[in-house]
Amino acid sequence: MIEIHQLEKISPMDKRPVEIVERKGIGHPDTICDEIGEKISLYLTKYYYENFGVPLHFNIDKCVLVGGRSQPQFGGGIVLEPILLHFVGRATLHVYGELEKEVPIGVLVRSAAFDWFSENFRYLDPLRHVSIIYSIRPGSTDLRKLFEAVKDSPAPLANDTSIGVGFAPLSETERVCLGAEQLLNSREFKRRYPAVGEDIKVMAVRRNDKIRLTVAMAAVDRELSSLDDYLSLKESVKSELYEHLSKLTDRELYVEINTADNPQKGIYYLTVTGTSAEAGDDGQIGRGNRWNGLITPLRYMSIEAHSGKNPVSHVGKIYQYAAQKAAENIQKELCLDEVYVVLVSTIGKPITEPQMVYVEYIGEEGGSNVKSEITSIVEEVLKSLPNFWRRYIEGKL
Amino acid sequence: MIEIHQLEKISPMDKRPVEIVERKGIGHPDTICDEIGEKISLYLTKYYYENFGVPLHFNIDKCVLVGGRSQPQFGGGIVLEPILLHFVGRATLHVYGELEKEVPIGVLVRSAAFDWFSENFRYLDPLRHVSIIYSIRPGSTDLRKLFEAVKDSPAPLANDTSIGVGFAPLSETERVCLGAEQLLNSREFKRRYPAVGEDIKVMAVRRNDKIRLTVAMAAVDRELSSLDDYLSLKESVKSELYEHLSKLTDRELYVEINTADNPQKGIYYLTVTGTSAEAGDDGQIGRGNRWNGLITPLRYMSIEAHSGKNPVSHVGKIYQYAAQKAAENIQKELCLDEVYVVLVSTIGKPITEPQMVYVEYIGEEGGSNVKSEITSIVEEVLKSLPNFWRRYIEGKL
Amino acid sequence: MIEIHQLEKISPMDKRPVEIVERKGIGHPDTICDEIGEKISLYLTKYYYENFGVPLHFNIDKCVLVGGRSQPQFGGGIVLEPILLHFVGRATLHVYGELEKEVPIGVLVRSAAFDWFSENFRYLDPLRHVSIIYSIRPGSTDLRKLFEAVKDSPAPLANDTSIGVGFAPLSETERVCLGAEQLLNSREFKRRYPAVGEDIKVMAVRRNDKIRLTVAMAAVDRELSSLDDYLSLKESVKSELYEHLSKLTDRELYVEINTADNPQKGIYYLTVTGTSAEAGDDGQIGRGNRWNGLITPLRYMSIEAHSGKNPVSHVGKIYQYAAQKAAENIQKELCLDEVYVVLVSTIGKPITEPQMVYVEYIGEEGGSNVKSEITSIVEEVLKSLPNFWRRYIEGKL
Amino acid sequence: MIEIHQLEKISPMDKRPVEIVERKGIGHPDTICDEIGEKISLYLTKYYYENFGVPLHFNIDKCVLVGGRSQPQFGGGIVLEPILLHFVGRATLHVYGELEKEVPIGVLVRSAAFDWFSENFRYLDPLRHVSIIYSIRPGSTDLRKLFEAVKDSPAPLANDTSIGVGFAPLSETERVCLGAEQLLNSREFKRRYPAVGEDIKVMAVRRNDKIRLTVAMAAVDRELSSLDDYLSLKESVKSELYEHLSKLTDRELYVEINTADNPQKGIYYLTVTGTSAEAGDDGQIGRGNRWNGLITPLRYMSIEAHSGKNPVSHVGKIYQYAAQKAAENIQKELCLDEVYVVLVSTIGKPITEPQMVYVEYIGEEGGSNVKSEITSIVEEVLKSLPNFWRRYIEGKL
């Protein structure tokens, strides 16, 4: 089942000639979809657990965000038409058994969305600026049969044949890419630069020792009184990025912000609410960051969307966690330079029994027991998966 | 700009210990979204060209498919609720200039969808089994200004910062994965086995010299009179696959079809229309096959969705083509073992001038002129990009 | 229960000084909603009957039509965006009992709509020009319990407190109003004047002996090569109306067609498909003609929408029929000048037992047995109501 | 133009043998649609006036409400799925001229809906319990041309051929019907009986001197701890109604509340939020109360929906006001027993110039100058119509 492979003569990412990394920040339309999908997943899992003792089946991993329309202007513009979010999936809505209960799916979806917007945006009023619809097919379950099934089975059965991919550690360029967005979206930074919107996208391209960051950063119109304000905001942010990121790397750094700007033609990246979703940028679940928060086309990568999938049996979600966790533990415990873990499930088989575990590592590690150590680390992670959902709802991941 | 890198001591994919490859066939919900997105893109580009002389701006690369409801049964069941497709994007709908004309966006979207279903399904009646809605924001354009802009510019300007990835050649396992689906969805095969539905998903996992194919294959209920028919269909298809695929590989082949079946519990993969989309399987654009028709997590991979993007300036589409084309040409002309090409655009810069071209190759190729040959092949491909859309609408890609 | 009242010294409608009557033709947006609502009701009732032996509960009497967008022009224009129909209601979708069966609600709704369009329009292609969505909440029923309930009850129980209104006979002005639309939408007339669209609205205002007809008539662009064609079409139609309607009345007749036209400003009533619904005119169920096909503000009138209601227990539909039928029978059998019948149901009581039957009549009828004759005619109609649905699906109403 | 007719020997409504009157209270699904439609109309008219100096064209008089799903229970239940409101119409969204401005249509629609719910419900949380979508086609206007057109025209031009109907005074039964709902929905009553929901429907049927009121009254679950509470609430409300309504009439009064209740079978009218819209009762604009707040099938009645129509040129709204106002003024000033006024517009003609004014009155009024007095009252009302919209936005109607 497990296949372990040492890559000899191959350099870890930091030493390769080229890197390409992307990060879509919290306010990007794709990230909005992913994050609310996850919040719905969390609320629903909790609701099932608190009301029925077990999380029931669901899968709401499809969503499309239709961008709104707005008219930003320095000093403060207006939103013309709301963002529309259309969530799609299925969920157990009716439960037979001792408790004859219906699941308030619509209210959970709306609450998740509105709570998320309230927690993550400062200038977007979910009540006025967002519409929510959903197409969630109902399922039903018999609680007693479910409890029997749970007792009989050592682990939930995988509900799909899918692939999980993880690696460790992050390269310097990846940390720089992540760090840039995290700085700009940190509370402290927002306090000092309230005009910096939540919609931040960072592309980092490294050639040997030069890292070029292309940052797309929405500005908030009411916090800027003029084009001069906007231009000086860009300068300040650039300086802050240089200062902050130089702590993360010694390589040469080039930062560019809003490269499509053309002030003479009146083109600059101004928004009312802090996100391009207000003005026509659309989004979907699963089109942005992977499980580790980054898009890394020169790494092994899963195109599975983990957002909105259930944390009990949906390997499209659980195996992202497991692969990442295993990679991190292996790399750390065996002090390897770089580790990849890839997991493949089989639909209908226990989630603890993947059809394939593939581990690749780079690094000088003595002894023949590398493979057995790796094997035991992977097995430990797999063994923990039936409890994944508990830690998920406790926020311990 | 161009970075070329020879990977020494690394084996091409065929010689690595493990491969994982996936192919979502024509009838898979994600593929349905991708394909209709492309058909809309094609119809719209053609319409613009035929009516205005140039393709105008659009981007309809978001779509969610809400699975329907059905009640299949041997001998023929019924569809209960239609599949719903919700397309999202923007398009130029109004054109000023010599011709004051509106663009029939809604009719183009509906025609594309219904034509596609008619061409690709045998048992799905788009009129009764599919609902189409769309949220496409209107744009307008001044034709004269547009023509001037086109004259002044050597190439369209990239409308995003995105990444294109291509590689060549396909490995044996990849050809096997692709070949399995293509066999089952070929006209000739459908003629002999009409009960084989269009929704085919193939996962190929290779460990050294063993390839395991996991095939999910929808069966069509009206073409099967009983469970026995279904079971014998599976056996026949398995034999056919072994026979057909053994022409593509000498490795050991294991084929499994519909592994989640459990006939005792009444679980088998039966459909009325040939696709799981009829019964609750949802889909989205960009969640399935990449440009080359495969999902290859152990290869460099772009998560960009090319479907529905415009073929003039949207590098998310054009650079997939360019990277793939360059990789193929380089590999072929220089007789290399394996070639990867990665392109990164800069928003607002000509599509012929990527900020980064990264080429990796494996293979013994003599002489110092490898790099210059690669460079000139890449440049040739880039130079052709302003004409990409013409060949796109002529069907020459 | 029954209240009968002779109106002395009051003239029947034909002799009153003023009349106002309106008729929205088959292609009017409100009529489209009403008619398709009825077709859905018919298809669903039939489906229930054929599959379960009894019609099950449903109520789909809400619908909104969102007008499309088009660009008509002489010689033939194009539809830009389709008409959207959104049907709303509830229906029994799941039936327990000997037959475990699901109801194909979505396919029935789509079939009803598309069949209706195909039967009633010549230039509207439902596949390309119409989108259908629906929000129909599912209900379920236990067949055995239902059959027991049906056996125990002499008549279905009214599912609402509502009002049915009928009157007879039609006045001359009403016959003229109805006749004008029927002429223009007759097969024979369409054959001779294919350019006359299906969307015809007629307002008839009578003052003493002068009847003024205001006709709104959509013209079909591909059947007219120029404005001159359009203007001469209007003239021809006007002549035909005078000729045809003069057979129905001896009063002075004034006909005006498309009074809002202003050819100098380019304003005329041209369409691609024959209905204003293609270009922004919206509609709803229940906002147009009453049960008798007319809107008669100077008559007693129910605002209940009968369309889309079930024919078994929904008095909002059945009592329109019953009141009209009773009025017609009373008027005819007793040779009265004018008869009104008003019925009021009580929710939860048998449909054969209204809380109020109110009959008003005008006319000289000898003898004291008028009231008993009226009573017995009304009772006969009421007694027939439990079979209303059978005749409904047989098309015998 | 004006036609005045005295009805001799006909009794005013109070003296006729039968009356049927209906009132759908504030929380009824149809009333919700009507009221929010009006609030949107108000917000939009105000917005146009405040931003452009004149109200621009719009018409949002179609809406469908899709009932939600809930699980009420004594002590407090939950809402499962939100109510969905789908508004349909058109509005001027883009204005050329000195001010290049876009109209925030989506935000106005959402604000109107949420403000209305907040003002009119105590237990319904619009954020969690209501979804809003809209299909509003955009129009555009040139401000300068508009101002010129306004200067040139003595009055706005009617944008439809429609009918307005009014009468005065209300009969005793009508006042009783109205009074019953107003009592139950008054602040003071809600304070004393918080368990009485907002969804109240009253049907009043009078036969000679007996008035029977059938009241459908939603109860609020969290304010009732048991079925006993519910039953005693019904008793208390009944007593209060008798007491209150006996001040309005001396006739015999019979009040029935929630006649479909069947406590043995667990059937009673319990809600979480106070409206049946939470649990599957659907609604539409224009299907409930007429302009005067009542449905009166035995009176002349317009089926026009005034809600959501613009107050400048849409005679479907303005003529309801005008007819009612004229009827009231005539009845009061000439001390007549009963007056009906019916107005018919012609599309494209000034709203001050109806094609027909029809006045009917009952009452002994001396002198030959009745007709001239009526004529001058009507003319005064018509003359005031170009200012209707100003008083509309000032809340002076």
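To keep things simple, chains are lettered A, B, C and D as they appear, and every chain counts its residues starting from 1.
The criterion applied here is as follows: contacts are C-beta pairs under 8 Å (C-beta built on N, C-alpha and C of every residue); 3 or more make two chains touch, one makes a residue touch a chain.
The structure presented is a predicted model; accordingly, all values stated were derived computationally and were not measured.
Novice: Name, by label, each chain that touches both members of the pair chain A and chain D.
Specialist: none
Novice: For the chain pairs B-C and C-D, which is connected through the larger number of C-beta pairs in contact?
Specialist: Top pair by contacting C-beta pairs is C-D.
Novice: Let me have the rounded angstrom distance from the C-alpha centre of chain B over to the C-alpha centre of chain D, please.
Specialist: That gives a centre separation of 54 Å.
Novice: Compute the distance, rounded to whole Å, between the mean C-alpha positions of chain C and chain D.
Specialist: 24
Novice: From the mean C-alpha coordinate of chain B to that of chain C, what's the distance rounded to whole Å?
Specialist: Centre-to-centre distance between chain B and chain C: 49 Å.
Novice: Taking each residue of chain D in turn, which ones touch at least two of the other chains?
Specialist: 69, 84
Novice: What residues of chain A sit close enough to touch chain D in their complex?
Specialist: Chain A residues touching chain D: 68-69, 71, 78-82, 84, 93, 101-107, 110-111, 114, 126-129, 131-133.
Novice: Touching chain B in the complex: which residues of chain A?
Specialist: Within the complex, chain A contacts chain B at residues 3, 5, 7-10, 16-18, 20, 22, 61-67, 69, 84, 86, 88-90, 135, 137, 161, 163, 165, 203, 205, 207, 212, 214, 216, 259-260, 262, 280, 282-287, 295, 297-298, 300-303, 305, 342, 344, 346-348, 355-356, 358.
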